[in-house]
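The structure that follows is given in the form of structure tokens.
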Amino acid sequence: MTSISSPLTDDAQKIVGSALQDALVDLLDLSLVGKQAHWTLVGKQFRSIHLQLDEVVDAAREYSDTVAERAAAVGFPPDGSARAISQGSGVPQLSGGWQRDADVVAHFVTALKSVIERMRERISVTDEPDPVSQDLFIQITAVLEKQYWMFQAEQA
Amino acid sequence: MTSISSPLTDDAQKIVGSALQDALVDLLDLSLVGKQAHWTLVGKQFRSIHLQLDEVVDAAREYSDTVAERAAAVGFPPDGSARAISQGSGVPQLSGGWQRDADVVAHFVTALKSVIERMRERISVTDEPDPVSQDLFIQITAVLEKQYWMFQAEQA
Amino acid sequence: MTSISSPLTDDAQKIVGSALQDALVDLLDLSLVGKQAHWTLVGKQFRSIHLQLDEVVDAAREYSDTVAERAAAVGFPPDGSARAISQGSGVPQLSGGWQRDADVVAHFVTALKSVIERMRERISVTDEPDPVSQDLFIQITAVLEKQYWMFQAEQA
Amino acid sequence: MTSISSPLTDDAQKIVGSALQDALVDLLDLSLVGKQAHWTLVGKQFRSIHLQLDEVVDAAREYSDTVAERAAAVGFPPDGSARAISQGSGVPQLSGGWQRDADVVAHFVTALKSVIERMRERISVTDEPDPVSQDLFIQITAVLEKQYWMFQAEQA
Amino acid sequence: MTSISSPLTDDAQKIVGSALQDALVDLLDLSLVGKQAHWTLVGKQFRSIHLQLDEVVDAAREYSDTVAERAAAVGFPPDGSARAISQGSGVPQLSGGWQRDADVVAHFVTALKSVIERMRERISVTDEPDPVSQDLFIQITAVLEKQYWMFQAEQA
Amino acid sequence: MTSISSPLTDDAQKIVGSALQDALVDLLDLSLVGKQAHWTLVGKQFRSIHLQLDEVVDAAREYSDTVAERAAAVGFPPDGSARAISQGSGVPQLSGGWQRDADVVAHFVTALKSVIERMRERISVTDEPDPVSQDLFIQITAVLEKQYWMFQAEQA
Amino acid sequence: MTSISSPLTDDAQKIVGSALQDALVDLLDLSLVGKQAHWTLVGKQFRSIHLQLDEVVDAAREYSDTVAERAAAVGFPPDGSARAISQGSGVPQLSGGWQRDADVVAHFVTALKSVIERMRERISVTDEPDPVSQDLFIQITAVLEKQYWMFQAEQA
Amino acid sequence: MTSISSPLTDDAQKIVGSALQDALVDLLDLSLVGKQAHWTLVGKQFRSIHLQLDEVVDAAREYSDTVAERAAAVGFPPDGSARAISQGSGVPQLSGGWQRDADVVAHFVTALKSVIERMRERISVTDEPDPVSQDLFIQITAVLEKQYWMFQAEQA
Amino acid sequence: MTSISSPLTDDAQKIVGSALQDALVDLLDLSLVGKQAHWTLVGKQFRSIHLQLDEVVDAAREYSDTVAERAAAVGFPPDGSARAISQGSGVPQLSGGWQRDADVVAHFVTALKSVIERMRERISVTDEPDPVSQDLFIQITAVLEKQYWMFQAEQA
Amino acid sequence: MTSISSPLTDDAQKIVGSALQDALVDLLDLSLVGKQAHWTLVGKQFRSIHLQLDEVVDAAREYSDTVAERAAAVGFPPDGSARAISQGSGVPQLSGGWQRDADVVAHFVTALKSVIERMRERISVTDEPDPVSQDLFIQITAVLEKQYWMFQAEQA
Amino acid sequence: MTSISSPLTDDAQKIVGSALQDALVDLLDLSLVGKQAHWTLVGKQFRSIHLQLDEVVDAAREYSDTVAERAAAVGFPPDGSARAISQGSGVPQLSGGWQRDADVVAHFVTALKSVIERMRERISVTDEPDPVSQDLFIQITAVLEKQYWMFQAEQA
Amino acid sequence: MTSISSPLTDDAQKIVGSALQDALVDLLDLSLVGKQAHWTLVGKQFRSIHLQLDEVVDAAREYSDTVAERAAAVGFPPDGSARAISQGSGVPQLSGGWQRDADVVAHFVTALKSVIERMRERISVTDEPDPVSQDLFIQITAVLEKQYWMFQAEQA
């Protein structure tokens, strides 16, 4: 069967591929939940949060692409299907219908906190087997933690 | 509970909101499956199909946003969560792992055909209740049918 | 006396020219009222609404130009003078002086609602005599209804 | 023999494919005649008309591409050869040599009038079988009628 | 009632606010009359004047915004409604229907002359109370006098 | 009858005007055949060849304009009508219907070879009477020979 | 010791150099305080004020550069060191730690008011000795007073 | 004979027209001398001074255009011919042949000093009759004095 | 004394340097006369010719720079001073005051004709000693002859 | 009292926050000293060093913003006031008045050396508690060491 | 003799300088071999691989510049001469003449694999002495491994 | 064995292919030596020469690509490997280590002189067999001779 050779050892590839796959699912779901809130938001802060959510979505989409291509580059075929997202994502889901602005801000403080915790574990776990993937997780964490601060600031 | 007033009558809103919601789910899933193939593709046509799939994804993402915001504009809160996609999408799914180029081309011929059929039904069903939403479905169909021709041409 | 030949029959031209003239007056007045609110707005939401109003103004100005040139193209000389606007516009007027943000949001929900209703009638009335002008009214309605949703969302 | 599957029924495809093929030939010839006048024009209005003709040519070229690709998308292989244009175009031809500016303006008033008439017939005939192609003809007619008005205005 | 503090003394604010309000009405009307002529113009110079009028309109719109925001900055809520324009503008109005090019050029020579005269008075009257607003009137006058020369040159 | 003075002697103008007229017809037909293949192409190389053909068309259109304006500049009114192209072009024609990718590549190797041969003769024949036109033919030949190599390389 | 010749007399240079030096210190400190608030802001208006503060900072930085280069141009070596700012600035300082949005808005209303007062004095004092520097102070005042209005409007 | 009406009185127009004409000649000559030095410069500072001279030339060309169009706007036909420059310019001339870098820097310190002196007189003389032209001379002086400082700094 | 080594023999350098110097003077004067007409033009064609003259000026300025730098590159220090232009230019001069549009067009037909004749002699004379400079003269001639045609066409 | 939750432990936050605060002060002061030298520089290398200093300032400003926002993201409110810079910066200060180019180069070699040493310590100290902040210090060090080399090279 | 001070200790500089020098030679040779294949490629995949190779070349050139400037920044004068590349590069060489597409793909899979292995060793060896250079090697490796995956995918 | 058909005769192809191959090697080596000097340069002129060398490198890289593709277009597979450069280049090599600015300027005066001499021979030798390749050599010589003048000017 076809496969892509990895620049990593088998053991390293297993750890790194798994970390990348999990990060992919988190980021894709963050982009879906971000868009969902972008569309259903109501309240006085509508315009500010509506625009800020698109920054989250843009970053999540761009990094999901980089993460999935990094998985391919270490010889691991990534899975970004709706089914994989539904089953594997750690991102908390919005209830249906219209969402109040304060609730959305609170939801994203929580959601970002949980994604950041998992992303920081991926930084730890890839330090030894693959500093290249680790560097990517570090960049993603920087961006997520900046958003985490800004949603907290909105909430204050 | 909060709600957005619709410029449509209640009956019209029901038909149009439902058509937009279904289109949203199709387009979001098309973007996910498109990216999945973009990442896992192998074969001599890799570079051509890899790039073409990103055009499909870009169009699907842009129109999913327009469709969802149109739903909001007719007073219907759209649902673009991973769960809604998993349950509601009519887009055929890829098997896991690496995908051969010819298989991907064949898959997208089939996938586009099925999305186009549903999109044309949405053109019919919204003609009476909302020519504004109908016009959007017409634009989307034009773009999808162009891609449908090009994947068929690649396959020939 | 000079005149521009119309691609429409005389009856069609009368209906379509009148619809375009009325739409022109609505759009020009929407741009004037939009700017008026942009300048006199006060309140915590100042910056968000100040910027959003300029989007309304930009759209209204751009479409007023397209509508007026469409009128010329069907052989009907449009009238966009201040007098024509004062007399013909259906857009509710702001009171003088500084405007509170919540009042402005409420004012634009009302104003957009009324312009949308008339624009939808223009879609109906031009369906038979001129699908080209109808298509323009459909585009304008899509943009106005998006703004209508967003001002409602701010208000929620 | 190779063929591209159509999203239309056979009957619809026949009507729509034929309308697109005829529109293609009109638009390509409009671009050729437009360039011919652009090069051979003389008179006091030279610079204004020289530049305006390039706008006609740019629009005609862009829409000829869209129309031909739409034909392919409905499974109809378009024919844009010089022979097809010579035989099928309804665009009146310029005499040879240098052209006076007033004559060119008059020529394009006539030429646009005839192309517009045929394009409006295509809007009618495709309404039922394919609203997607119809929408394209509506867009093209809007652009041609704007040019028709402007050449008439120059002539006045 | 809400108000914006002025960096000017009350007396200065009265003079300056009034000058800005009058300038606003002149500029907004110049933009409306400019567009009106842009749409209804006919004659051999159509294209040149059609384009030049849009430069007048663009300048008038841009400066009307600067002038109105300057009024707000000196604590004076500006009034740019259609009613205020109809009642307060000193810009001569076009008759209805299609306009011959030579007539439009002559009309704008006259219109610009009258706006310039009033703008130069505003330069005088604001010299003492507010050199900041005066500087804005100087910039606007420079632009209007350039257009005044060019319309005269067309007319020569 | 009107005419444009030539910077060339009568004899030189005859030779150069004729060479430019023939080049114009070749380039316009190359653009038509290029677009024809762009639209009707099928096969695994579809996307690569589809895009490459547009580069040929863009170059052919741009140089046809330069060549025709150069003809005008030497006092020779060029003829770029469909009839002139049909009668005068040396570019081999495609058969109707869908075209296989390998056939298109082979067709353009042949077509470019024949256009290049005639263009090189134009370089020779204009060397003495007009080095300015010769320089233009040299530039065109460089571009065509680059395309000739690349289509051969695709074919290899 | 090295020096730059001034286009001004010694007396004029003394007055103008001193006014420019003081303006430099005000503008640099405004940029530092603006960034400080940009980083430490919290509250519902976070995003709007966060972005608006960067407009203040951008303007303050750009004009501080123009002012300092103007000082050099009149032969006066400007001093923009942290020590000079600490000792010479008239801009009120923020307390440490996180800042509530309403407090920041109030702080900038006060800060802009005080800078504007000093800038208007510089307009007066340079009128006679150097209309070139005066013109720069007029431009800066226009920008600061626009921000002063907008922060007041947010506060209303 | 044809003429352009001036917004100024006859007396004012005489003073202002003359000041603009003299400024035009100075600026055009500054651009010619600047280019001359740009081409003939030699020495270790070649690249720095070569590039800086083009900034002087760009500014001089841009302002010569603004000044001449301002002259037209006040009804005074400007004269920017080589003869007018030769006879009227106050800009010191370079000797022929190659120019050492230090000599060029010294030359431009002298040249700018003399142009600035005359430009400052024009600011004085136009203060009363035309603040619009005065404002233009103020802008030009600001730019020239910045260059004057920088050439002095190079020389230090 | 300083000098730049030439890649040409002494004899070649003498011929080529002289041709470049003469071309420089022609092009600089063409730019001055072009701007002079741009400013003083009156008549119905004002806007068209006003804009076209700036294309002549832009081309003349750009090529004067290339020609002068080419002179430097062959070791010949060029002279582009006002005095050199007054004495050496073959470009016919405009009379003073306002210029009618038809006269300006006629003037530029004559002026371009004379510059083209001299430029073509420079093509001949540099063929042997320096094909690099010859190629530059060929490019310049192409541009001038295009303008020559277009001014003739305006005049027709 | 308001606060922002940190993704770091308390101990880690203390170390990292302190390192970021110190880096902020260094970078802001580097930007102030860089501008100070940019304005007061004299000598033959004026233009080269003047431009290079703006690259240092641009980088220092951009990274000061990133560093301060990183501090906020780890829950530490940064202090970038003039007072904090005066008291905390390790950047050596320029003496007052005009600065010779060689002295400025030497000053920046020394200044960069000292900032780099402290920045490298911050890389060490944050390795354990926060690889995200460490990565930022690594990027900053790369940019500063490039400038350090280039100022040394100028000095050589 | 001249030298640049290093921010590293002598031991660290030796290790890091040597790693950077070796990486420089690898990257420069990768750019040369990439261009060689870009020019001599033949086969059905010509256009895809031709374009992809230019992405490899662009990345290799950009990083060779960054690597060499980093070497300078650590006080080590890099050697990027043809002789150094010939002697030191580990990149496998192409045979002469035309290259089949499949062979080129295979060649680059091998070439990238070998460069990646050495680049990963440089990541290891610089971890201790210089995390700044290490970070650069990590970035380069990420880009090379992405290309390695894509060439493998083409080959599959 | 595969080959590309040449538009040239066999004899012409031999001469032209050989000239292009030699030019390729010269240009690639000029780019390598240019970068080498760009990195290792020291001295007061560092910044000016550092930037100028990148202009040489950019031109050399761009023309090496055009030359190599021209070789392919005449059916000659070019060789741009490090080995071919080492063996075939006529560009003088730099010694190792840091380079003083004056030495680099002198080195490039010498290097450009030698490349120009060979390039002028290629102009002669290709005049008869291929005016298209000759025209390319003429363009390259123009660029190199401009750089030759500028390095001489720096040296003066």
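Chains here go by letter, A, B, C, D, E, F, G, H, I, J, K and L, matching the order in which they are written, and residues are numbered from 1 within each.
The rule is short, and it goes like this: contacts are C-beta pairs under 8 Å (C-beta built on N, C-alpha and C of every residue); 3 or more make two chains touch, one makes a residue touch a chain.
Note that this is a predicted model, so its numbers are computed, not measured.
Number of steps on the shortest path from chain C to chain F, with steps defined by chain touch: 2. Spacing of chain H relative to chain L, judged by their CA centroids, is 42 angstrom. Separation between the centroids of chain F and chain G, computed from CA atoms only, is 62 Å. Distance between chain I and chain L, defined via averaged C-alpha coordinates, is recorded as 31 Å. For chain D, residues touching at least two other chains, in rising order: 2, 4, 42, 44-45, 48, 69, 72, 98, 100, 135, 152-153, 156.
Taken as a graph of touching chains, this assembly has some other topology, since it is neither a line, a ring, a star nor fully connected. Here the chains touching each other pair up as A-B, A-C, A-G, A-J, A-K, B-C, B-D, B-F, B-K, C-D, C-E, C-G, D-E, D-F, D-I, E-G, E-H, E-I, F-I, F-K, F-L, G-H, G-J, H-I, H-J, H-L, I-L, J-K, J-L, K-L.
Contact residues of chain J toward chain L in the complex are 44-45, 48-49, 51-52, 150, 152-154, 156.
Within the complex formed with chain L, the chain I residues making contact are 2, 4-5, 7, 69-70, 72-75, 131-132, 135-136. Remark: chain B residues 113, 116-117, 120, 123, 134-135, 138-139, 141-142, 145-146, 148-149, 152-153, 156 touch chain D in the complex.
Across the interface of their complex, chain J is touched by residues 41-44, 46-48, 50, 98, 100 of chain L.
By the touch criterion stated above, chain G contacts chain J in their complex at residues 1-4, 28-29, 32-33, 35-36, 39-40, 42, 61, 64-65, 68-69, 71-72, 77-83, 85-86, 89, 93-94, 96-98, 100.
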